[in-house]
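Order of writing sets the chain letters: A, B, C, D, E, F and G. Residues in each chain are counted from 1.
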Amino acid sequence: MLITQPIKLSDLTTRIQQVITDAFAGQTYWIIADVTNHSFYREKGYHYFDLVEKKEGAGDIVARVPAMAWGVGTTRIREFEFVTGQQFRNDINVLVKVAVSYHQIYGLQISVQDIDVSFTIGRLEQQKQETLLKLLAENPDTIQKIGEQYYTKNSRLPLNPVIQKLAVISSNNSAGYQDFVHTLDNNPFGYQFIMHNYFTAVQGETNAEGILQRLIDIFNAGIAYDAVIIIRGGGAQTDFLLFDTYKLGRAVARFPIPVITGIGHQKNETIVDLMAHSPTKTPTKAAEFIIAHNRGFEEKIINLQKTVLIKSQQLFSTHFQALSALNTAIINQARTMIATHKDELTGYNQLVVNEARAILYNKQRELLAVSGQVLSKPKIMVANRRNDLQNLVGNLQAFSRIYFQKKQAYIAHHETVFRLVSPVNILKRGFAIVYHNGKVTASPDAITPGSNIKVLLTDTEINATVIAKNTTDGTEFNI
Amino acid sequence: MEQNLTYEAAYTELKTIAAEIENESVPVDILAEKVKRASFLIEFCQKKLRATEAEVTNIIKQMEQNT
Amino acid sequence: MEQNLTYEAAYTELKTIAAEIENESVPVDILAEKVKRASFLIEFCQKKLRATEAEVTNIIKQMEQNT
Amino acid sequence: MEQNLTYEAAYTELKTIAAEIENESVPVDILAEKVKRASFLIEFCQKKLRATEAEVTNIIKQMEQNT
Amino acid sequence: MEQNLTYEAAYTELKTIAAEIENESVPVDILAEKVKRASFLIEFCQKKLRATEAEVTNIIKQMEQNT
Amino acid sequence: MEQNLTYEAAYTELKTIAAEIENESVPVDILAEKVKRASFLIEFCQKKLRATEAEVTNIIKQMEQNT
Amino acid sequence: MEQNLTYEAAYTELKTIAAEIENESVPVDILAEKVKRASFLIEFCQKKLRATEAEVTNIIKQMEQNT
């Protein structure tokens, strides 16, 4: 048995301390680890916890180191909680800056110098986005995203004109609740509200179930609330994570009464805010929103009142004007009508006067024309007749002259003929007339030789006796 | 002279004698007689004509004076 | 003078006489008589015309005085 | 003067006479008579016209006083 | 004056008379009568108009006092 | 005053009368009567309007006191 | 009167009245009545905004008695 000279424990711890100090003094390390066994002593400002590394996929612990935070570390943690809204507690994954030291009593110690806010924010944000994606994927009927905006069944509910009957989910007597109630009660317009309180814890991720239950209670109450108000009562600006849970988000999205939130989150909106009907920043803001909404309604009503007033006054004015216009029109038209008729009468008067005179004048002219005709023509007629008579006398004279000339001519013609055939003329031409027994004869038969005949030649009478008688052929004078 | 002989009767008889002489062979023994008659008739007509003409001329002269 | 003789009738008779003389349908024996008749008719017509003229002139004078 | 003679009737008769005289269809025998009738009608019409004129003028005077 | 004569009736009659006189279809015989009638109608209408005018003016005065 | 006359009825009648007078379809004989009626209707309408206005003003006053 | 009048119903009625008055489809005869109704609705809403339900019912009863 090899027994070396025993040394005092303190010697050993001093040596351990010496080695560790030599190795780690003045050095810090950024490490990623999970927090377990956390406890916080508010009075001292000490955080005690273990940093563990778990095997990926499984839950097996690969490494574990006890850690603590105080002084600067505690300050940084407080800042972390404020900024991220994430409480420093078990089961959170953090990026911390640590220093390694050894204490002779408490042993190996890792003290937190700083904590990386953005690492955790990133992680939380990642979780939140995953939850939102899941909500969208699994509830396509009730939740949609258009652009950057989420639309849910709840957000699509119409708000009643007046929000007066309220179901309030909050933690009992929290500062936020007080603020909310105070703001409502002291509204400057004197609006009255009916508030039913549905108290529950609104911090700590596990209390999501509580809020869910209160929503169910509200639904089951069967009261026609105008809105459900979810407000978070003041205190530490930490632990909003329950409002980012899938369950609560889905419940709010599907709730049949408009949900108004006032969770008090200063930075990003929680999933509940995104799913709710009307998210506001704080309980006071939620109350102000409700008052403004009601005021909006009252203003609309007052506007309608004004419209009614102004319009009815305008109506009166219009009607008065119309009446006045009609009055004027009737007066003017009646006067115009009378004036027109007067003019027309005057016109007719003039017409009758002028035309009657014109008629008389025309008749006079006509009469003169006709009488002129009657008077001038007879003289011409008499003169014509006289001419006719004169012509006739002339004719008579001429005709008688011609008449006598013709008659003379006829007689002269006969005279000529008789002169030609007169025996005197025949004898003159050498012919002789033979008388036998005292008678003129043309026949030689009765005359025989020895007969006594008398021959007349021109103006001489010859008495003779016939000696001989011979016949001639008588062709001597044939022509 | 015949008492009631008119111009018209005389002139007709004259025209008949003229026609007879013109168309027929009047025996010489009555030719002279006929010619004698014709001569008488011609003279009668001429006298009547002249008398009438004188009368008519006279009347017409008066008419012209009146017109 | 004939009682009921009108100007128109007289004038017509005159024209007939003239025509008769013109176409020698008046025997010489009554020619003078016809011409005498014509003379009478002419005188009648002229008198009638003169009378009418005088009357018309008179009426017109009176009218002109009235006008 | 005829009792019931109107201006229109008188004027119509006058125009008929005037037309007859114009186309010389009035026998000379009644020409004077026609002219006499025309003279009467003209006088009648003128009297009537003058009377009407006087009456109208009178009425018009009254009308003008009323206007 | 006719008992039941209205302005409209009087005015219509007046227009008819005026038209008749205008196109000279009124015989001279009744011209004076027509002018007389027209004169009466014009006077009637004028009286009626004046009365109406007075009445209307009166009503209007009252209206203006009320307005 | 007519018992059941409404403003609307009165106003409609008034407009009808105005239109009638405007296009001169009102006989002169009843013009005065029509103007009288119009006068009555205008007065009626104005009274009614004033009454309504007073009533409305009263309501408004009450409302303003309540607000 | 209306026990169960809601804001919604009151607002809708009020809008209808305002629109009617705005486009002048309200006869003057019932304008006052309409304005009165509007006044009632506004008062109702305002009272209801400021009082609890029990109180409101009571107020409405009083309003109805006043009407």
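Points to keep in mind about this one:
Please note the rule applied: a contact is a pair of C-beta atoms (placed from the backbone, for glycine too) under 8 Å apart; a residue touches a chain by one contact, two chains touch by 3 or more.
Protein names from UniProt, one per chain: A = Exodeoxyribonuclease 7 large subunit; B, C, D, E, F, G = Exodeoxyribonuclease VII small subunit.
The structure displayed is predicted, hence computed values, not measured ones.
In this entry, chain C maps onto chain D through a rotation of 15 degrees when their C-alpha atoms are superposed, rounded to the nearest 5. Annotation: 107 Å between the Cα-based centres of chain A and chain C. Between chain E and chain F, the centres computed from C-alpha atoms are 33 Å apart.
Note on chain placement: the centre of chain C and the centre of chain E lie 67 Å apart, centres being C-alpha means.
The set of chain E residues that touch two or more partner chains comprises 11, 28, 31, 35, 39, 42, 45-46, 49, 52, 56, 60, 63, 67. For chain A, residues that reach two or more other chains under the stated contact definition are 302, 305, 309, 312, 319, 327, 331, 334, 338, 341, 349, 352, 356, 360, 363, 371, 375, 378, 382, 385, 389, 393, 396, 400, 407.
Here, these are the chain pairs in contact: A-B, A-C, A-D, A-E, A-F, A-G, B-C, C-D, D-E, E-F, F-G. Residues 6-8, 11, 48-49, 52, 55-56, 59-60, 62-63, 66-67 of chain F are the ones that touch chain G when the two sit in their complex.
Against chain E, the residues of chain A that register as touching in their complex are 324, 327, 331, 334-335, 338, 341-342, 345, 348-349, 351-352, 355-356, 358-360, 362-363. Within the complex formed with chain B, the chain A residues making contact are 389-390, 393, 396-397, 400, 404, 407-408, 410-411, 414-415, 417-418, 421-423, 433, 439-440, 442.
Only residues 27-29, 31-32, 35-36, 39, 42-43, 46 of chain D touch chain C when the two sit together in their complex. By the touch criterion given at the top, residues 11, 14-15, 17-18, 21-22, 26-29, 31-32, 35, 38-39, 42, 45-46, 49, 52-53, 56-57, 60, 63-64, 67 of chain B touch chain A in their complex.
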